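Alright, structures below, take your time with them.
In what follows, chain A forms one complex with chain B and a second complex with chain C.
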Partner chain A sequence: MKNRVLPVVPALTLLVMLGPVLAGLYGTVLPAFGHLPAGGLVGPNLDAFRALLDWPGLPRSVMLSLTTGIGTTVIALALVMLLVAGWSGTRAFRALERLLSPLLSVPHAAAAFGLAFLIAPSGWIARLLSPGITGWTNPPDWLIVQDPLGLTLMLGMVVKEMPFLLLMTLAALGQTDAARARAIASALGYGRTTGWLKTVFPRVYAQIRLPVYVVLAYGMSVVDVALILGPNTPPPLSVQIVRWMGEPDFTARLLASSAALLQLALVVGALLFWRLGEIIVATLGLRWITSGHRGASDAPLRIAALSAASIAALSILLGLVVLAVWSFSGFWSFPNALPDAFSLKTWMRQSTGVLDALGETALIAGSVTLLALILTIGCLEAEYRQRRNLTQRGLLLLYLPLLIPQTAFLPGLQSLLLNVGADIGRAPVMLAHLVFVLPYVFLSLADPFRAWDSRNASVAAALGASPDGILWRVRLPMLLRPVLTAVAVGLSVSVGQYLPTLLIGGGRVATLTTEAVALTSGGDRRAIAVWGLMQTGAALVPFALALIIPALVWRNRKGLSHG
Partner chain B sequence: MKSLALLAAMALPLAAHAQTDPADWDAVTAAAKGQTVYWNAWGGSTTTNDFIAWIGAKVQDEYGVTLEHVKLTDTADAVTRVLAEKQAGTDTDGAIDMIWINGANFAAMKDAGLLFGPFAEQLPNWQYVDVDGKTVQTDFTVPVEGFESPWAMAQVVFDYNSEVLEPMGSMQAILDWSTANPGRFTYPQPPDFLGTTFLKQVLVDTLVDASVLQQPATDDNYEDVTAPLWAYLDALTPTLWRQGRAYPATGTAMFPLIADREIDLSISFSPGAATAAIANDELPDTVRTFVLDKGTIGNASFVAIPYNSGSFEGAMVVANALLSPEAQARAQDPNILGYGTVLAMDKLDADQKALFDALDLGIATLSPEELGTVQAEPHPSWMTRISDDWTARYGVAQ
Partner chain C sequence: MDKGLTLDRIAVFKDGKPLVALDHHIAPGEVLSVMGPSGIGKSTLLSVVTGTLPRAFSFTGRVHLDGRDITDAAPQRRMVGILFQDDLLFPHLSVGANLAFGLRPGGSRAARQNRIEDALAEVDLAGFANRDPATLSGGQKARVALMRMLLAEPCALLLDEAFGRLDTALRAQVRDLVFARARSRALPVLMVTHDAQDAEAAGGEVVTLGT
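And then the complex of A and B:
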């Protein structure tokens, strides 16, 4: 029997993934050119762009967006490459690798809170060192968190993007024959890091180019981390867009739309700039490679890379620890290393709200991930049965929602949804989440799905199984571990979404993330800690289950776990 | 002709909104039963959130109304939402049923016809409201006319660490102290509500005659009137926490700064908040409050109902519950919220008054006498312009 649904799944997937993005961009363009008929404003005109240029904060805001995005990408990429170059295959590397999934799944907002609680002048590090070592009885008047140059914001982003790039690099390494290349390079006398950079890096980079672009686009337009760690005098452009969207005045909405287009142009410009950089690096790199320098004494680079990676991992983990301490804290003044007393008061106070938000978060994340999983498996199975592989262009489409800044299309999407009267409630929020969850679920599942040994299918078919039967009774059970991992990835992406929930939900959809970020403005560290921890838990538990469930299911059929 | 006019007069409220007459309380409560009210209120404070949850339980028990607190970081978000709905033609059952509001946001919504009403003076508990002694019928000089219902009084107080400094009587004294002790004072970043209030407080205290602020700002007088404010801020800013290169986002973000010993002085709009925060382990017990010799700015917090609320009866029930002596006494309890009541004590019966008399205002709260003169809020046009100017001068160019 022929499956009639399957062939249309890829088209459907593209539609739900790109439809909202394109619709949102359309909804942004009109008001940017002064056209908002319902508000009594008829365009087209350039008033909004003129007003944007007149805004005194614009140059610094744009600068911040650029420096944060490019700085984050350069630093995170460099550290990850040096780390992999110097340490892949070692025991230290495997230890870091094991931390990878948990680090990756800690939501951006929670990681930012933890970092802020650690490194602020009155943060935990200063408390531990005071007054004994520093002599401080009052915290120093240093501008660390929310510094005008956005350095802390960049630090937070680097720490959070490193695990993502590392994961992508590890996936790419498998296809680059890295081990043999390194063996040959070291036999020829190249230093460990130098040899890797000269022989493996070019091949790895070709594979991780799109994820690197995602980091660049995301770093330029991030909102929640910027609200927590970023400057306010002025804020980065993306934060200012969200602020303008929130003003009671129609003209501010026009301003937000024109700024959203500017943000889009900035991201496109930065991507082109980056591409140019790639060409320059490739040219210089080629010269460096052919020069034959062995770089035998590159050991300090190795140490530096491992230190930086360890500090990044530690800062997220310690950040979670300090969140835990704050969540149980009674009065806790500077410079005490620990609170005067511990209590359950904050947890009790927040419990009702936290549980409600957890339910909402779980419902949204669960539905969205299930939908994304069905579409992904449908696409992959259709691809398998039609013997067609995803082209490079197809891959680019998959990455498109992650490359277009959220602040460019979500405001427009909100206006459009409002126009069709579909803006209220969680279904539109789910659709918006799906745009971001789908690519990650697809990317997570695609490789293991394709790598499955199709001889199993031949055997099953020979025994009389239908194509659908093979999928449900042979392939998916064997792929249980990667499927569960993809589910965990999908859930954690959905849990972490801030802007889609806020803008599309219109404030009626309260998830752990929106509530936690809303608390930022109040500065109540105990409440923030409780919400940040719950948010982290909601993202982490699925990863733990993705590890535990296959182990239980396969306890008496170990051979399958390598499927 | 006459009958036609009468018909038109009768039809107007019907066209403007649904059937229930706000004055017919039985009809209101009957319609309210089973409704869900989405109250958009600032959600940055745990104590406020708890109080709203308590009101929610009360109206659920007594009237079968479900109250959902939509937590905002900025009230303007809710105003935008209603505007956006109007622009999209969502004239019934909008996303918002009630907004915690006052000042410029109220003026903007009232002007644009985005509010349901008048309803406030038809509420049964309006009889207890102190219409003579408290500014509940004007909001930042704008006549309320029943389009919002008051529920709390606020007045500027300064919270200070009594271990290291003494109360001060004027803004000039605060500037002198901050100059001598740099880095120990800050205020929330305008356009935050409390941040702009600080600016207005500076203006009111430094002007010889503040009555000019009761009229809308004009292009003619704006620069002259605000000149002392900018002179003051030019002197103050370099002495602020972080040299004025960063500011706390909101008023509540200032308490943790005091607890962390980052600053010694902050401004608050709630005379009882410091006591409540001490009880809640958020402030050291050495914090006290003071007001200025010439008095400080005060105003009322209101709740308003958007014109397109699908549950305005339920929202009226909540607004009425907020005005009940029981809720007002609870809100004034420093262990719970520490907000000033809008009720007149002499309008309450003995049992109701006893609820208030039983309150211990707490160690850091000034008595009504000590709070002294309440300075009126300036016309909203001042706040808007000052806030914009502040952003251009200090908010984006540091």
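And then the complex of A and C:
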């Protein structure tokens, strides 16, 4: 990278990250007001909004979107905070910590399938308890998965968002001196949980606020998990938007665009509501802190938090196990805990399709991650050479693509591409993936990159190395482990993308995720299991490599073995 | 049993190897100074009393406080106060809220506020309740940290190199204040330090480790 290129990299990064978002929002606004030249429709008018208001499912749809988003965020945040409050520094906590990376990298869709296969009336749990405990010889006629209130959807989201919030909390804890705060609180007579909540939580929350907002926005607008675990009649608003986008006639597209704007307004409203909640909690919290109450219910809270976290971790891991069992199962009659016969038939039958999709997935994920990595390193190196640090506002820009609901701007981006007659397909899909991959790669690499001891650069420069030479020959080799971790994060984010692939690919780009989710309606458990496992593998293998490669490359370099 | 803090044949081991040992009774209002170079295990000794001994260590012996055997009690139930080298005031709370955090629960808001004002006045910081701890000088922070600990009404006070970060002039002043407040409350004080002047100023018995 020449020095002439480097200074423009941050601007370029912002452009590729925020350009599609802004263009997409613009492309959503026009058809929402009846303007879609490609379909011969010319606005502006309010017909689409009238049609949206006339849709009988709207109140339920909006309600589901709100309850899923807010419920997921409140529950996941509360459980993670109580877990860290009651257990950080203990052996049980370290065990959960080690599971964090694999749990994080399991794609949302695969985790949702696994959960469905566990808790459905004919799922593994029912099979293990039947007929011995339950007395069932046939699966009961209960609507657990896709229940009308969306409770299973919320459960699935909580389980999958907890590892993300835990990771963010652990990163924030490093800057809060939590251990000594605990020593003081305990000398003043406070138990673990209460002491932590009163002394550390306020400081940690200030650091994880943006990730919490991301969970809220994502929970309100998630599509793939909602398709698998959420109700159908009506579905959450985001799913309905995608359905309308999939209909061939253009008025449905207008309807989808107006609903997308409503979705955006809902998310913005929910974020403002959450901010208000923060202020109320802060006021009440200060009163609680200064009341001097030492906390009497610490012990039950600790046990509840650890149990909930363990169940969440187990439900993802056991979900993968049950996917594996189903993928190799032959005939499997109901109350039996294991299949009556095992076979490779499903894997053989799906192999061609799976391998094609794996190739497409790898091509997209690899290219997008490479681009994201180059831009990220360019940004960080430019920041380092210009001695300018990312401001709070810059950080907000980085989070913007994660805070604006996908369903708000992706339909618009598709309409826009349609209007300009651009070919939808692989390249636009990659650009859409980049919007989501970039922030995660950046967030993953930024801290280790900045923490690098710059005296190494001074020494290298004194020995005659150029700035570029220092970057390539000293800094990046020393940062091999965090760079590979960032690559793994980027790959897993790309592998998990459903909506950008579906909408921008126009149904012509078939990745592991789009094909797996498409199988939901068919209900072929064996096929779903194969695709879900492959999807998980595609996300998980890079993480394993990110651990193994540095250990091999630096096997004779003790100073680098701890990253 | 006697009032005061008793370290009954305490011996601390690291990975099974003997580290430090101490057998002593500290009467109310008295100060025991434990001296020795850094790394000898002075702070580890204190963590036996507070109940926060790190996992790599183990110990034998019993700890009694005012006749109670607190050896196996949870840290927060021991009523043992401790001051560290750093003031460790919580940065997200005002000076007053830091003190309210230490003050035992109960009483109306007005009554609690009065007690906090009194506590501040006791260390010449009247009117500081709404200040941000970050705007205080080192000596002022140390005094707030002391009063926060005393408002929790401990039965013993431990000092873990508590004056190590203060410059010489301030050090003597804060030190005298801490000993005076502890004596007025008849608290047994266990101080670890590497500074002979601290031990001298304490006026009590001195145990030197590592000789």
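Keep in mind that, in the parts below, the second predicted complex is superposed on the first by the 555 of 563 C-alpha atoms of A that agree within 3 Å, B and C clash if a C-alpha of one lies under 4 Å from a C-alpha of the other, contacts with A are read in each partner's own complex, and residues count from 1 in each chain.
By our rule, contacts are C-beta pairs under 8 Å (C-beta built on N, C-alpha and C of every residue); 3 or more make two chains touch, one makes a residue touch a chain.
All values derive from a computational prediction rather than experimental measurement.
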{"item": "Side-by-side fit of chain B and chain C on chain A, or clash", "value": "fit"}
{"item": "Touched partner set for A:Arg253, first chain B, second chain C, both or neither", "value": "first"}
{"item": "Chain A-centred angle between chain C and chain B, computed on Cα centres after superposition, in steps of 10 °", "value": "160"}
{"item": "Partner touching more residues of chain A, whether chain B or chain C", "value": "B"}
{"item": "Partner chain in contact with A:Gly507 - chain B first, chain C second, else both or neither", "value": "first"}
{"item": "Which of chain B and chain C A:Gly522 touches, first, second, both or neither", "value": "first"}
{"item": "A:Pro7 touches, of chain B and chain C: first, second, both or neither?", "value": "neither"}
{"item": "First, second, both or neither for A:Gly359, with chain B first and chain C second", "value": "neither"}
{"item": "After fitting on chain A: smallest Cα gap, chain B-chain C, Å", "value": "48"}
{"item": "Chain B and chain C footprints on chain A, overlapping residues", "value": "none"}
{"item": "Interface residues, chain C side, partner chain A - complex", "value": "50-52, 74-77, 79-82, 84, 86, 88, 90-93, 96-97, 100-106, 112, 148-149, 152, 154"}
{"item": "Residue ranges of chain B touching chain A (in the complex, touch as defined)", "value": "38, 40, 43-46, 49-50, 53, 68, 70-74, 76-81, 83-90, 95-96, 105, 108-109, 182-183, 189, 241-243, 245-250, 252-257, 259-262, 281-282, 284, 391-392, 394-398"}
{"item": "Chain A residues touching chain C - in the complex, by the definition given at the top", "value": "177, 180-181, 183-191, 195, 198-199, 202-203, 206, 286, 289-294"}
{"item": "Residues of chain A touching chain B in the complex", "value": "36, 38-39, 55-57, 60-61, 121-122, 137-139, 141, 143, 145-148, 231-234, 245-250, 253, 329-335, 341, 345, 349-350, 352-353, 414-415, 418-419, 421, 423-424, 506-508, 510, 515, 518-527"}
